[in-house]
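Chain lettering (A, B, C, D, E and F) follows the sequence in which the chains are written, and residue indices restart at 1 in each chain.
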């Protein structure tokens, strides 16, 4: 049963992808996507239900073929495809990087260690299960969202021939590759799935075939290929340093013998480096920002549940392996730096998707920094952050996508007052934003854990502190923009809805009479994710015991102590406490009181905003009388602190500093 | 409670000063009231500078065709209950300029005035007296305020419905 | 880059007088500033057609309450020239005394308002507290705190007796001491300097070309002061204009600050040299001809153009006040400044909209 | 920071505030305050009316009345100086502020001060 | 000579034709004269415009007289700060200036309530 | 929840506004005296708020109401959590909730002044938030806990002695939070500012009253933080709190307002240098 479920998780998307590619009928394709999504979700849930503790599994053969050889073959096939593409692109860098992988890998497979068999090939612990859940559920929701989105997208582009089959082929394939990646224990298999995600992301980013799309896709390709090269190098070094096949198993690598730490430090560093490239840490942030040219489902997928999470997963997974080493501190430093700078860059952006992109990079930085801090509490923080980030960020991307289709812009300045015209989506977006930045929501709780556990490394905590100040800035103003402007109309319409208006609209959205006209394939993902973000935050104590705690248990026994106590109120540790429920309750009560107050109609008058005595009589139109007695529209804009943190101004410095840190890291490791 | 609020109203009148076409004479005397020598903060008076926070509108100077619109707008943005003090010969009647071509006249041509302070320039003492007189009216209006508010509320509601 | 448009004025707490600026800012840096005037325009020059030339004195005094006496003086000077009247010497000296008292109260007032513009409330209070002493002097000598109505065609209406003279000189001492105490605050304080040094720089050439007047001009390094022409009794007093060279807000502050002391010195000197004579001579006839008359107001050069046609009523009274001249330099300074410096820059020219628009 | 000495001194010494309505200050000599008339002396010559720059005075020879609009009067004292019989004088104090505008009108026969309602 | 009071007569105030005003002011500017202001009077059917310029406290006046309705070239190009005063004269006397760098269209001070140019003895309708 | 906790919560709920209001009144009186004025009555803030509740409810946007209430709730919650001696970081995050809702409320009104005020408020939050975190981390490094109850129970020395520089760093945050010069950039007590009253421009009547009361809570919370620096002796705690507040009032009166362009980099550098110096000292001591 469990084996079958694992098979479904990995193989079903491959099958689904191929079916998508073959089906020309959009309805049929939609059905395939939905079925795949539902099945994946079910299988991941079942898997989660049935597995307690690490599960080892080595698939024997597939359709009569040895899986191991199959993957080796597929690996080379993939690399040669990329090589072919590289030649077609005429990009020497990509060619070089591909060759740098093919040659050593061939040498390794053929000369150094022919016919390596690493058992178990799959090692499925709770971390992998959590990843599987995220990938399967969030990923599927995004794919479902994509159905309708791509229809409109192609409509906008006026394509003659639909390119959706190809699009969904890669989109769904991605899920399978990710599932394979998180389950793999065999580093060679892991590498294969790793490259598949790289390749898929390349194809998806370049999907629109515009010049800029191809350029950005190429950038994504070469940056991730650097990671691939590091990965291959790591494999070779492991074998070379230990002269044993055993440590090609990830779990063995993590639980390596005490005497091996120095010998394995370089491979660890290389694998971390591979993780950094995939997680778009500075100086590799540009590929993820460039990926914004892709259709929104792609961005959502890359950012929330897949791709970047692969890098994060690898580093977090290996954390116990390099605990207490110099590498660990450097990882924390490097990624805290990423957190700080990416947050700063996000402040500078007015493009909604770019804000999300930089915020993703920042959050990944924080997650990896937690892995680097490497205390039990920090690892917990990292895992929680992975979960909450995936949900909220996926939600936000889908929201921006929906908004973009409605208003034709992804600039946050254009979302000013959007609450007037798209109340439901705006509310959900605001919920998404608040879950990213405010207590008692999960993302903030993980940040709380991160700061408390980082407290003993002052420079890391400083960077985290500065960075989190910056995140508040860009989130708060974005949330505020939605409600900016006169709101007479909306409130009038909702007067009879009582004070559960936000919740009510979300669910009423599904009734035929509702004003929220988007189709179900857009509503379902949005609502599910929004509700999940809130409910999971509320259930953090439960989440903690049932999900995160076992994560630790699956690590090397005895290495970790349980960092937190759960109680009815929330979590407490030796040094701090985070009361989820009370804060939640008080906030809700406050909110209800506020809404009741807002609904009371007694004595209230509307007034135009203060315009120094020159306001326009109609309060729904902010205007003022300017020179020549003309009516001038009042326009507002955010402060982007251009002269402090202009993107083009500081990117160079950020990249240089990041490179220096990396060089120090490797220099020290090699010493 | 109601009485408490009404007392507070008299004890905490926030003031906004609007200079229509004043020659600055009365202006600086209004400002002088805030400074150490006269210090009207003794009576809880603050110069808030924002009509939305203000209870008392102190107007100096003549009303002309351009600033009458601004004056009306500022007055409209003050929440009830509110009173208006017209200061100086200009503010009360148009003063020495009332025959000039661009002068409309006193403040009461545009908005209802609750206290008139004569002088050119009106002395700070006189301005304080004027404010005190206006406070009496403020307390009176406070009692009736609910009715007025309902009227305005109805207008707003009609406005919303008509759109 | 997204921009914010801000309606600045007419009713704005930092603006003592109504004036509208449509500011376009980007990251709080002003990119464009479009002025709108006319909130104080009364058209009082036109009143000359229905008020005779002596009544006009009362009206021009009310062009602006801050330098009322200087307006009257400038006007009377012109009428006296048209009617060939020689003002008695004591009247000339008394005119100087009142004029300098006016300058002191105006500069103290400005220093206070300027402090308020960069959010230094206690400094504002302190300057205004000192200023009240001068207001008392004005009230005691002329009967009115603000509109010091002492000038008439041919001289002055009131005298200053010995007792009053002593009181004035004593007060001057107190004021000098108290203002001196604030010197380090306004000139050396770190926060104050941050808000003034290097803000709103107006180069010498630019200031001259844009036609700036008064301290705005002198702070840019041009020693031009109408008092050098020696009207009233200035020709008999020891007078050198106060000049600064940097042309920024700080220089203008220092310039005005030093002019307060200069005014104190001039008052002392005037009392020392005060001659005995009658206060006014009777002017005969009616004004006929055209004349341009100029005096130095606290804010700079003020110009009156008067035209009489031999009747009781003047044909034309035209007033050009210093702020009118200083508005183009202001508009020159605004683009590129921080939004927070907008009030500082507006106040730095010591604007007086009522005289600009009349 | 240089202000510290100053403000601390203010804290230690007595405030500069005149507690105005509670403590009144003597007015200076010859201050131009509210315009008053000794009606019995007035000869209704109309000079004051002619000279007033604000045109606030109304003299009616028929009705034997002298009136002033106290709110448009600018306290300049021209009329006081101009009156040939010196029946006008200015009090030290300003006119008390009122909630309604009014006119001051004096009749010579009645020899009484009767404030009439605003026109 | 330093002037605080200048009585204007024929000797000290040359009268110019409107077309020479730009050249003349430019010459004076090159000599170092500062633009002080302009004044104008209504002469019945003509308008008199005076230009006041100053150098080292010495005042020079230029006089231009034109029939009502004639255009006068604007000296904005010579002295940029003249724009405000030219707008004012335009608004008060109905004199059109050619080449105003910023035209307030008669709304510098006045709103539409004032319908005639106020400073002319017989007002002209404002646009 | 035991009896003590219940009392603490009740005290926080009812005493805090009283104390906050009185402090505000004293503040105004002392400020007036520093300026040589007579000053308003001590109870003036209460009159003001009562009056505000009697005014017409005037709004630009419904969200203002919601945000005003949320601001109040968040500030009450901080004081309650402080009274319950809970986790410093948690309290800090709850404080941020208040700040965020204040900003959203200001952004809700489409008015130039409150919009710019909101942007500036955000920059001010950006300035003081990291500094506060650094202060709390310093406290943790010294005492080994983020929990106030734990600190009080296990640490028996005034914190001020080992964290003097961090106390100064907190001074920055205090100046900003109490809206005092030189950092009264987003909104100030006296509205003589280029952006009128910044974030509060569009609030009026009862809603302004709510915000005023929230500010009282905020004041109490900040003073509570000060008190934490001398938790061992009640007398010295009182002295420290009074001295700090007086210091703030004094600074308010001897400084011009600065701009955020200056504040952000300088407060950060100053704060960072001082925090690091203090951390270094702590580490030295531990060694």
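Here, a contact is a pair of C-beta atoms (placed from the backbone, for glycine too) under 8 Å apart; a residue touches a chain by one contact, two chains touch by 3 or more.
Note that this is a predicted model, so its numbers are computed, not measured.
Colleague: Chains in contact with chain B and with chain C: which ones?
Modeller: Chains in contact with chain B as well as chain C: A, D, E, F.
Colleague: Give the fewest steps needed to get from chain B to chain F, where each step moves from one chain to a chain it touches.
Modeller: So the least number of steps between the two chains is 1.
Colleague: Let me check something: if the centre of a chain is the mean of its CA atoms, which chain is farthest from chain F?
Modeller: Following the centroid criterion, the farthest chain would be E.
Colleague: Counting C-beta pairs in contact, pick out the pair of chains that comes out on top.
Modeller: A-F
Colleague: With chain centres taken as the means of their Cα atoms, state the distance from chain A to chain E in Å.
Modeller: 69
Colleague: At what distance in angstrom does the C-alpha mean of chain E lie from that of chain D?
Modeller: 42
Colleague: Using the average of all C-alpha atoms in each chain as its centre, how far is it in Å between chain A and chain F?
Modeller: That gives a centre separation of 35 Å.
Colleague: Considering chain C alone, which of its residues make contact with at least two other chains?
Modeller: 4-5, 7-8, 10-14, 28, 38, 41, 43, 46, 58-59, 62, 120, 122-123, 125-126, 129, 132, 144, 147, 185, 189, 191, 357 - these are the residues of chain C that touch more than one other chain.
Colleague: Which positions in chain E touch two or more other chains at once?
Modeller: 107, 109-111, 118, in rising order.
Colleague: Send over the residues of chain D in touch with two or more other chains.
Modeller: Expected reply: 1-3, 7, 15-17, 19, 53-54, 74-76.
Colleague: Quick one: which chain pairs are touching?
Modeller: A-B, A-C, A-E, A-F, B-C, B-D, B-E, B-F, C-D, C-E, C-F, D-F
Colleague: Within the complex, which stretch of chain C touches chain B?
Modeller: Touching chain B: residues 10-14, 16-18, 38-44, 46-47, 50, 58-59, 62-66, 68, 109, 112, 124-126, 128-129, 132, 135, 144-147, 352, 354, 357 of chain C.
Colleague: Which of the residues in chain D end up touching chain C in this complex?
Modeller: My answer: residues 1-3, 5-7, 16, 28-32, 51-54, 74-78, 81, 90.
Colleague: If we count contacts the way the header does, which residues on chain E are in touch with chain B in the complex?
Modeller: Contacts found on chain E: 109-111, 113-114, 118.
Colleague: In their complex, what parts of chain C are in touch with chain D?
Modeller: Residues in contact with chain D: 51, 54-59, 62, 120, 122-123, 126, 129, 132, 136, 139-140, 143-144, 147, 149, 157-158, 181-182, 184-185, 188-191.
Colleague: What residues of chain A sit close enough to touch chain F in their complex?
Modeller: 417, 437-439, 444, 448, 451-452, 455-456, 458, 461-462, 465-466, 468-470, 472-473, 476-477, 479-481, 483-487, 491, 574-579, 583, 586-587, 589-591, 593-595, 597-598, 602-611, 619, 622, 634, 636, 638-639, 641, 644
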